[in-house]
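Submitted below is the structure of interest, expressed as C-alpha cells.
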Amino acid sequence: MPIRHPAGNPPFNIIRLSHIELGVTDLERSRHFYVETLGLIETERVGNSLYLRGVEERNHHSFVLTEMEETAVIRMGYKMASEADLDSLKAHLDGLGVESRWGEPYAQGRTLQAQDPFGMPIEFYFEMAQVPRMLQKYGEYRGCHPLRIDHFNCFVPDVQAVHDFYALELGFRTSEYTETEDPDNPQIWAVWMHRKGNVHDLALTNGVGPRLHHVAVYVPTALHIIHLCDLMSTTGYLPNMERGPGRHGISNAFFLYVRDPDGHRIEIYTSDYLTVDPDFAPIGWKLRDAQRQTLWGHAAPKSWFEEGSLFAETAVSDPTITAQPIVAP
Amino acid sequence: MPIRHPAGNPPFNIIRLSHIELGVTDLERSRHFYVETLGLIETERVGNSLYLRGVEERNHHSFVLTEMEETAVIRMGYKMASEADLDSLKAHLDGLGVESRWGEPYAQGRTLQAQDPFGMPIEFYFEMAQVPRMLQKYGEYRGCHPLRIDHFNCFVPDVQAVHDFYALELGFRTSEYTETEDPDNPQIWAVWMHRKGNVHDLALTNGVGPRLHHVAVYVPTALHIIHLCDLMSTTGYLPNMERGPGRHGISNAFFLYVRDPDGHRIEIYTSDYLTVDPDFAPIGWKLRDAQRQTLWGHAAPKSWFEEGSLFAETAVSDPTITAQPIVAP
Amino acid sequence: MPIRHPAGNPPFNIIRLSHIELGVTDLERSRHFYVETLGLIETERVGNSLYLRGVEERNHHSFVLTEMEETAVIRMGYKMASEADLDSLKAHLDGLGVESRWGEPYAQGRTLQAQDPFGMPIEFYFEMAQVPRMLQKYGEYRGCHPLRIDHFNCFVPDVQAVHDFYALELGFRTSEYTETEDPDNPQIWAVWMHRKGNVHDLALTNGVGPRLHHVAVYVPTALHIIHLCDLMSTTGYLPNMERGPGRHGISNAFFLYVRDPDGHRIEIYTSDYLTVDPDFAPIGWKLRDAQRQTLWGHAAPKSWFEEGSLFAETAVSDPTITAQPIVAP
Amino acid sequence: MPIRHPAGNPPFNIIRLSHIELGVTDLERSRHFYVETLGLIETERVGNSLYLRGVEERNHHSFVLTEMEETAVIRMGYKMASEADLDSLKAHLDGLGVESRWGEPYAQGRTLQAQDPFGMPIEFYFEMAQVPRMLQKYGEYRGCHPLRIDHFNCFVPDVQAVHDFYALELGFRTSEYTETEDPDNPQIWAVWMHRKGNVHDLALTNGVGPRLHHVAVYVPTALHIIHLCDLMSTTGYLPNMERGPGRHGISNAFFLYVRDPDGHRIEIYTSDYLTVDPDFAPIGWKLRDAQRQTLWGHAAPKSWFEEGSLFAETAVSDPTITAQPIVAP
C-alpha cells in the first residue's frame, strides 16, 4: 500500500503552506499581472521585491516577487504552530541529516531554511508581520478576488519517496492520489497532501524535477474565474491562459491555469472540500481514468504536463533530478 | 377590463427607452457614485453634464448627469425606428393636442421634446452619436458591470389614464399589472409596459405624481448585485442602499434599489423574460398578494413607497398632480 | 458590402423563432436527456411525439421530439405577429415562387409550411395553445434551468445567398458576421441574424448543407452551464459534451455544446445583448481572428465544424447541396 | 480581556462539530423539508429516525431527525482525533466534575455523552460508519446543494462562562466576538469559536438559554442560496424563511435563515475564511455596530433574536437558565 500516514503526530506542528518567493525578470510587468489582473493586494515594495497577499490574508505576504536576472522559485514557506515547534523541527531535520539554517527574511520572525532531501527550497516560521485584512474592503477587490494562497504543486522524479518524507517525517496527510494501472504493483503517480484541512497544501506529480508545477490561489466562486478568463483574454494576456476553466475530478475543484509573464504557472482554484478528519480515507484514481484530470473530459495541453519552474540553486543536472516519469501522462 | 392594447400599430415605432437626464447638485460626487461604484462607462464630460453608458451600449449616453442647483429629472428619452417615425409621431401628438417642439440635445440628432399629458418630460429621437462598445473590454468593467439602461418607473396619480395614453396612443404593450381587490370593479394599481420585448420600458405606479420612482440598469447576474451590496456597504454608501436584494414576484427579476447622492432611485436589475409575442397575455396580481412585491416576502421600506424625484418644470402643485393612491400600498 | 438590410419592413412581421421538431430514434432515451438532464418542461406526449418547453415559455412547445426510424430535423418554426401576417407572407412567398402550403400541426393554429429556396423546412404560425408558465414554479426546475429556445444555426453552402433571402425577403437583420481575409473582396463566411432583438434567431455558417448545426436554449447564468457540465459528466453523458464551456467572441455569449442521444447538437447559451435598434451596425470579424470563436482562445473539435443534422426530405445529394466551405475553418 | 485562549493544547483533540439530533413531530414532513427542499442526502431510515448528510460527507450522518411527541435538540456531536482522545477527554471531564457516560448511538463507535456544565447535551466519538461520498454524484444534487454541516449556534445566559469552558477546558479558539459598548469594562455579548479552522464550530450568543439558536449547513455559493429562496417561496415554505439572504459583517459569510417544520432554525451559509493560524487575532465588534449583523444594514426580525430550540432534558426552569441578556440586541 503506497499511501502512508504517520503513526502519530510528529513532535512539531506544521499549520499550512504560507508563501512563495518567485524570481521574475521585470517587476513592473509582474505587478501588472499579479496586482492589476489577478487582484492580489500589494502590501509593500522593498528593494527589488514586491510583497503581495490575498484579500483575506493578514499575513504580510503570501507571494513575494523578486526581480532577478533569471526566473526561479526561491522559497516555499510553511507556517508552524509556535516558536517551539521551529526548534523541534530543527532537531528532527538534524536527526535526519537534512541541513538547515536560521534566517530572518523580511517581515518574518526566526525562519528555518533548508533544502528538502529532494532539492526543494523550503522554509518554516511562526511569526510574520500582520497587516490589515482586506476581506471587507470590497472597494479594493480586483480581478478574480483572490482570497488566499492555497497550495504548491511540484514535479518530482520519485513521488513515492517525496510522499514518504512529507508524510512520515513532516506529518502531511494524503487526500487523493493517482496510481498506475498495474493491478499487482500499482505505483503512485501523483499525490495530494495537506496540513490545513482542505485537499492540499502540497501536491506531487511524476516528472522531471524537482520543479514547481504551480502555486494556487483560492477564489470565491467559478464566476470569478470566468471573469478572469474574460479579463485576461481582452487585456493582452490571452497567451498566458494555458488550461481551463474546468472541473478537476481529483479535488472536485473548479480551476484555471495561467502563466505569469515569466512562465510561472498559477492555478486559480475554488470549491474543494474539508479533510480535517484524521481517518479521512484517501481517494484513489487510476491513471487512465480521464475524469481524474477533468470531470468534463477536456485534454490538458502538452505544456501543462511538461513545463515547470526550476528552483533556485537546484540545477537540473543535480543527481537528485534523474528519474523520468514512470508513465507518460 | 382595464388593460388595453392598441388595435393595431400606431403610425410610428418607438423602439425602446433610451436615456434619462438627471439634475444633480455635485457632479464629482455623482461621478463617484455612477462611474466608480455602479460601473457605468464615462463617455465624456461637456460643460456641466456628464454623459454615461452601460458596457454594451454604443449610444453616446443612456445617463446624463447635469449639475444644477436643485435635483430634478429633466428628460426621459425614447429611440424611434427612423427619422420618418419622428415626423409621424409629431403629427400624432399634434392631433392629440399634445404640444411638442424640435430640439437637438448634445450628441443626438433631431429630437422631439414634449411633456406628456400628465406632466412627464419625454423626448424622442432616431439618431445618436455612436461610441465604442465596451462589452468585450473587460478591463473597463467596474462595480456591478451595468450592461444597459432597462426601464423607467414613475409614480402617477391616475395609472389607468396614463396607461391608456401609452398603450392606445403610443403603442406600449402590457406585460404585468397589479389591481385592487374589489372583485366587481378592480382598479389598476400599477402596470408594466414595454416596447423592446422584455418586461418593461416604462412602469407606472399609483402615487403622488408625476414623479420618477426609479430608473433601472440591467446587470448580468444576481452575483453582480450581491457584489454591489458588498461594495456599497463598505465604501460609504450604506445609507444609499434602500431595498433588496430580492426577487420580484412581478417580472421575476432579481433587484436592488439604491439611491444616488441626490436621492434619485436606481434599480439594479437582472433576469426578467422575453415578451415579444404580440399575444402575450398580461400577468395580473392582486394588490394584497405580498409575493408580487418580492417572491420571498420581504417588506419594502416606507421610503420606497413614498419618495420619488420631481420632474423639472413640473411643480407638485400642478393641477395634474392631485390624485392620491387609490389604495395604500 | 455583403451585409444587406431590407430597405423597409416587409409586408408581414416575423416575431421570432419559436420551435423545432427533431426526429429521434428512442423517445424514452431522448426524454431522459431533454427533460431529466437539460431540464426542459414536458408539456405532453401525444402518439410518438413529446412536446417540451422552457420554464418561462407559455407556448405549448418549443421542442418537439418525434420517434422515427432515422434522425432528422423535421421543421423549424417561426411565430408571426398576426393571422393576417400569415396571409401576407403566403402572398410574398407565392410571388417569389417559393411553394408553401397550409397545415395545422398539433397545438398550433393555421400554419404555413414551406421549404425555403435552400431546402430548409420552415413553418410560420400565429396561434399556439398556451400552457402554464413555470418561471415561478421553482420546484419544477431541473438541469440547467432552460428558460426558452433561443436560435437555430444552420450549415449552408452559400451563406451570402441565404443571408440575402432572409434579410431582403423576410426582414431579418444582421448583428454580427465573419468574413474571409481577402482585403479586396471579402466573402461572408457566417452571419448572425435576428428578428426578436437579441443576437440571433438564425445563424448561417459556411458548410455542406443545408443541415442544422445546432438549436440553442437560453439559460440564466454561466453557473447553470457549469452545473450542467458537472451533471452530464457524472450521469453517463460525458461523450455527449462536445465543446465548451467558453465565451464566444461573436455574441459574447457563454456557451456549451452538447449532443443529444441521436447526435443533434444543442447549444446551452446565456448572456448575449440587445439588438433592437434598427441602426445597430453589424459587428464584423475576420475569419483568422481566433477570438471570434472563443474569446479565450480554445479550439473547437473537428466534429463541431463538420457534423450536423440533415433536414427530413432533403437528401444531401440534392442539387442545392453542392458548395463546399469557401475557406476551411 | 475577555477572550481567552488555552495556554497550550488540552490532552485531547476535538477535530470539529460533526452532527446534531433534532426531535421532530412528523418525520415525513421533515423529510420533505430537509431532503426534497434543502437537498440533504438520505443515508437511511431506522425506526423513528432519519439519518442525513451533506453531499461531500462520508460520515453516516450529520443530521439525525427523530420523530417524537415534542420537538427538542437531543444531542450535538463532535468528532475526536482518535479513540485514545476519548479516554483523555473522559478523564478531563471527570477531573472537572462533569458527569459523562459511554454510549454507542446508531452507526457510531464508542461515544462519550454528557451535559456540559451549562446544560447542553454534547457527545464525542472517533468512529462513525462511512458511506459513499456524493460530491461527484451531481445527479443526486437537490435544493441548495448542501455540502456539509458547518456549525452550531447557541443562546446561553452567561456567554463569558461558556466561552471560558470551551476555550480553556476543551481547546476551542475564538475567531470573532461582539462586546458591549462600555469602554472600561466591555462584556462579551457573543462569540464565534472553532476547532476545524474556519470561522466556527460553535457560536454562543447572549440570551435565555441554553437553547439552540441554529445549526448551519455550508453550500457552494450565494447563487445556491438565492435558488433556495426562490424554491422555498414557491413551494409552500414562504413562512419558513425567517431572515436573509444577506452578508454577515461577522464572519463575512453569505447567509439565509430558515425554520424547519418544527421551528428549528437552519442557517444556509457560505464563504467564510480560514482560521487555522494559532496566532489568528480574534476580530472584535461593538454591539452597536449594525454592520456586524449584516454588512448591508438589514434588521433581523424579532423572532431571530428571541426564538430558539430547547434541549431535551433541559427544562427552562433549570437553575442554569436564569440570566437575561446583558444588553438587548
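Odds and ends about this structure:
The first chain written gets the first letter, and so on, giving A, B, C and D; residue counts start at 1 in each chain.
We adopt the following convention: a residue touches a chain if its C-beta (ideal position, glycine included) is under 8 Å from a C-beta of that chain, and two chains touch if they have at least 3 such contacts.
What you are looking at is a predicted structure, and each value in this text was computed from that prediction instead of being measured.
Should one ask which of A-B and A-C has more C-beta pairs in contact, the pair is A-C. Across the assembly, the mean Cα position most removed from that of chain B is the one of A. The distance from the centre of chain B to the centre of chain C, each centre being the mean of the chain's C-alpha atoms, comes to 32 Å. Taking each chain's centre as the mean of its C-alpha atoms, chain A lies 50 Å from chain B.
Note on chain placement: the centre of chain A and the centre of chain C lie 45 Å apart, centres being C-alpha means. Counting partner chains per residue, chain D has residues 136, 221-223, 230, 233-234, 295 touching two or more of them. On the side of chain D, the complex with chain A involves touching residues 15-16, 56, 58-59, 79, 81-82, 126-127, 130, 135-136, 147-148, 196-197, 220-223, 249, 252, 271, 273-274, 276-281, 295.
Taken in their complex, chain C has these residues touching chain D: 136-139, 141, 221, 223, 227, 230-231, 233-235.
The part of chain A that touches chain C in the complex is made up of residues 221-223, 226, 229-230, 233-234, 238, 241, 245, 247, 254, 291, 295-297.
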